[in-house]
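There are two complexes below, and they share chain A, which is joined by chain B in the first and by chain C in the second.
For the complex of A and B:
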């Protein structure tokens, strides 16, 4: 173990960067949303299409935020020392579940477009849907969503707030209180994330079911947080922040987790596909059949190679993990693939139960990009807001010195 | 042979403090290089093992004898002596196979995955957990081997070119099992052995008799402890850990495929692979606990396998127990949500049908019993954790029994429903497999370094990390922990 990095002369706050970032990202976000609304009303079937694009990007940024919350929880639970210098960032990303709550309103407005099970007409003619009606109905859906966001926002706000308190008080008891909260917190997190993934993504085809689906969404969620972390770090570093506190040793560990979660995602994705393909039961294969029909097959191959094989080869070595300028491009690649994964999860049902639909075509649209910029811009602006008045590392954490001295020995 | 350690009384010292300002010590007494070597070597160097060892060995050998007799009778008579009857054509043999393979997961998890996660506490328990892994896989491999009936055609399981142009069914997960389990066995064995080489050399160097010198000398592969050897050793260990890590997941995933690729309700569900892996780690840790508690007392190792180690294992059992509980609940929910009547029936039948007694045994042992580990006094109470670890072992056996028996006994055709009752030979073979397992484990404890001495030394505060002039990051001195130096 080396001496702890000297951070006395270090720039550990966003300072002037915060208003700049909030202005720019917020501007892009608003612009994106305005363009989306305009496109929605100007194109044919635009409103339905816009809600779908919004859904993909909402789930995308929600998954990153939940990944941040999970990272914070698991660091507390395992009493990790190495990660203290990046924990403030994960706390802030997790706290972005609060902005996701606000951004959830359009989903509620578009429920009829997004969730065909809300249709009374379908309910009348579909015995399967009638069976599921005690679960798949609008009031219960709303109650569940309230519970999900209650758990996520409550937990992440608690963890951020206590950690900020500790910056001032340096009280080690706060660490214990966060550790204590993390154990039941993780259970609540697991349950809410699972059912949220069922509700937001799996129920889009309400006939389909898969017990592993929650784990699949979790894998992508944690993966995407491990991928956005190097991006944030590179941004901060190139703006002169945290030059000494976060070192190659920390990138190395972030890279290892990124690599591991990427393999874990592939493992879960393979397990789901293999079992359904092998058993070949029509009630399960329909969902995959849509994804291997026509152009969707190309997208499925793109995931196989782009989401697993290529980053697997790229991240397996030591060098690409220890150099931020090599790690970040791979992280961006993984983030792009994670987006494609969510698109692949949510979008094929766009044509489901639509008369005369062009089956097998991918409905790419400018709306995918504009809603991405819209939600993403606001997401980044709020992230900067959390960090505006505070240090970028948990100053009062009793394990900060350990993290600053951390070495992959 | 009198050892130096025998003069020091080993006491139970509480090192489970959670103070975030300092990392607690992992070795509570005699935390120095020499005393660690002394206390671990003492087990193998003592003229006689403790009396209790003979008692345990006696019982284990009896059970092994029963195993030999049951298997012999089985080969003579055929699998008709078992309780297998259509529709339950997979009974104890497959249940025991999955049970033992599952137990064999803790060792590699501890030595590979916890190594990659830099969990220093794993060093005190990894060696005998790995040994346990190997013995468990031996027991596991035996069951499908004898289940085939005509054991003299065993080689048909392997794709060997032959004049009949007869090949195994490559699309069957049972064949994938052959590859998965044998790969796992090979890598685990290699991992265990490579890790043991420096300690075998220590045994060789301390040997007082020619025989011991030669025997340990052969297996120490000429280890001299030069820095070049250490460097290569550590590189090899890291690579083996990286190779073993995916194996921890793949083996039990493939075991779960045995069930999940079918279309039988209760077997075919997509969560099976990660669910089986979590269950395997759960049962593996329970078995490590069941063995560690008597072993540390029997061989005077309470200062190396401390309360903190046990507490950490209890936490892992709590986590993995809840993962298993998560899988049970999601399966149940989706069985209803799917809207498939056969699927829903399978689960109602599990919980309230003829095997309800087994189902609720499983739930109580696996999901409810580990919940006591939320309380620190339970996590640090030896009797409590010993009882819970045995309950988990029982529960995890019942989990596999429930999956196999309840789904098979009542499938799609009610006219062919049945109820599976094992015969005495089923029970005796299973009991006998514990004999084989325990015999091997007791021999290991007596003749091989049961704690990875070299690795334990590497996590001592004085193992070469001296930042800030005598101040150790994350470690405290023995005095601060209320320990008097021997």
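For the complex of A and C:
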């Protein structure tokens, strides 16, 4: 058995890094949002376009946050020892669902741009929409969103708060209370994430339906968290934080989960595609048809190779998982592909039901970048805020020693 | 042999040899420490034994990383390629069948099988590769000759054994090393020089095998008996639903439908695959409602050859190989003085020569006077090939000097 890593002399706090990070990321975020607003009002059809870009990036950072929440929950549920040293990071990422709640407000304001089912005119002429109206209506949508964010924010704040309490009190009972919460918490998480993905992304083409869609969004969500974890770790390490606490053994397991989730994403993506392709029913194929028309086909192939085959070969080896400087580039690659995946999920419907739309073209815009920087900057700043006055690892966790001595057999 | 004096000889102590030197350790940590020292002493054939997996033992024993992942990867790749090749060959080469209107070879449909075979081959590679690398199955291991080892190894003690097969092995130095690194109750384990089958197993094992073998013969014998006899009893139906499926056979009544027919008529307007006949020129020989003047297919040498072949098969019986109307059937019918026989028109007759290609095509397809229609027998492309060949025949009988290439006119008599 490896002896627990000696962390007595190392820096486990952000300290001076926190205000610097908050200032820089927050500045980039605000600037990004201001530029987005300016672009939205300056370009043709800019407001609608801006809302679409905002939606893609909102879902992107929401999925990472939910991935962090899921990671924390599953570690508690399985009473995992290995992951304790990175759990504070997942708790903080999960708690970012709180900032996503604030960032959700613009989407509520722009609902009529993003969700065609809010249109009274369409409702009158579309029997399919009339049939779905008991579910797809604005008041019920708002109630559902309140439930989603209630569950996410409640769970993630509880897990972060209790864990921070434990830093001071070192009370193992706190661990038990978090473990007890994780089982019902995961059930609530699964239900809310599934319906949120239906509401935010699938309902954009309200004619279309796919029961596996929630699992697809979940796969991307957990994958993106496993990808952002090495990035955060490399940032902390190169700034002299957590030098010894997190070792190659931990990267190895993070890399394994990253690899596994990447394969899982491909499995789910293909499962959804194959059933629809094989049955060939018009009400289901329309959604895919948009994604294989014109330039979108290239993007679909880019996902097939870039999101699955290339990282599959890159991450299958042992070395690329155990060296942070090899793992992180792959993690960044996966993060980029996850962004492309969400773009692919949300953006083709931009042309849907638009008279004379250039079908098959990809409406890339500067707004995609500016909203990314806007939401991303604020997201990083809030992440630093959670960690500002606290340790980067759960100091009081009874399994900390086990995690510090962790070794892949 | 029933010689009583022989008995003591068989009971005599069999000759033994040293298998290994064995040392006991009270904890996993101590064993781990000791293992590092045995490793550093340069032994190669030695082993550690523990009731549970001990972290770090690979490093302490100096075991190289296993090649099992590589074996699994290669097996998985083989599985993927096998799945791909199997489906490609069966579904698009050996027995091509259209399923759900998908292409014969379509990757999306093949992925599940490729995936399953990848997993299956990988699992085989992992399990059997692990067996092979560990030298399993092994029915005998010398270490079990130690009584102390047998009684405590799987409960609360840890052991290190240095085997006699090690090139560096020396009974005394191995013993000394193990004692110096904290080994307790160091013992020399001896095994029988000749490995014997335990008499208990030999006696009962062979009996059990014979009984099992006899039972195993019963089902094939029963099958054989059933196959060579007749019986008036209805055959046993294990899965009744499958043998007696409720279904409507041809010509039966079906009260589900208003007309009471089980055989459903085609929906009006149904067109079978490949029978849309959308091209008027190709399928009817018509252009703008009139007979087409030209062949619907480009006239090439291969089309003419094809037309000649089909003409000789379908047309020459009456029209003759040369098209003059002196085919075997016609000749014979005239010889028999058949009153109803109308001899075929010579294809070189002015009437036929001036007919449009589409008209001749129409005649082949639908027949004329006593000539039966050939539309159901000859494929549409072949009918056009025959038209082209008929044109060639007509030209051969009415050729002018201009039809001969200028450089070869000198060869004419």
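As a convention for this text, the second predicted complex is superposed on the first by the 409 of 409 C-alpha atoms of A that agree within 3 Å, B and C clash if a C-alpha of one lies under 4 Å from a C-alpha of the other, contacts with A are read in each partner's own complex, and residues count from 1 in each chain.
Assume contacts are C-beta pairs under 8 Å (C-beta built on N, C-alpha and C of every residue); 3 or more make two chains touch, one makes a residue touch a chain.
Just so it is clear, the structure is predicted and the values come from calculations on it, not from any experiment.
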### Message
Please determine, from the superposition on chain A, whether chain B and chain C clash or fit.
### Response
clash
### Query
Which partner does A:34 contact after superposing on A: first (chain B), second (chain C), both, neither?
neither
### Task
Could you tell me if A:366 is touching chain B, chain C, both of them or neither one (first, second, both, neither)?
neither
### Message
Applying the document's definition of touch, where does A:268 land relative to chain B and chain C: first, second, both, or neither?
### Response
first
### Task
Classify the contacts of A:318 with the two partner chains as first (chain B alone), second (chain C alone), both, or neither.
second
### Query
Looking at the overlay, does A:278 come into contact with chain B only (first), chain C only (second), both, or neither?
both
### More chain A residues in contact - chain B or chain C
B
### Query
Given the touch rule stated above, what does A:209 touch, chain B (first), chain C (second), both, or neither?
first
## Note on the structure
Among 39-47, 111-119, 129-137 or 201-209, chain C is struck only by the chain B stretch 201-209
#### Entry: On chain A, positions contacted by chain B and by chain C
1-2, 274, 278
### Query
Which positions of chain A touch chain C when the two form their complex?
1-2, 270, 273-274, 277-278, 280, 316, 318, 407, 409
### Query
What part of chain C is in contact with chain A in the complex they form?
28-29, 32, 53-56, 69, 73, 100-102, 108-109, 111-112
### Query
Residues of chain B touching chain A in their complex?
18-21, 23, 116, 118, 246, 249, 253, 257, 260-263, 268-274, 322, 326-327, 330-331, 334, 337-340, 374, 465, 467-468, 473-474
### chain A - residues contacting chain B, complex
1-4, 79, 81-82, 128, 131-132, 135, 172, 175-176, 179, 183, 187, 190-191, 194, 198, 207, 209-215, 256, 263, 267-268, 271-272, 274-276, 278-279, 281, 283, 397-399, 401-402, 405
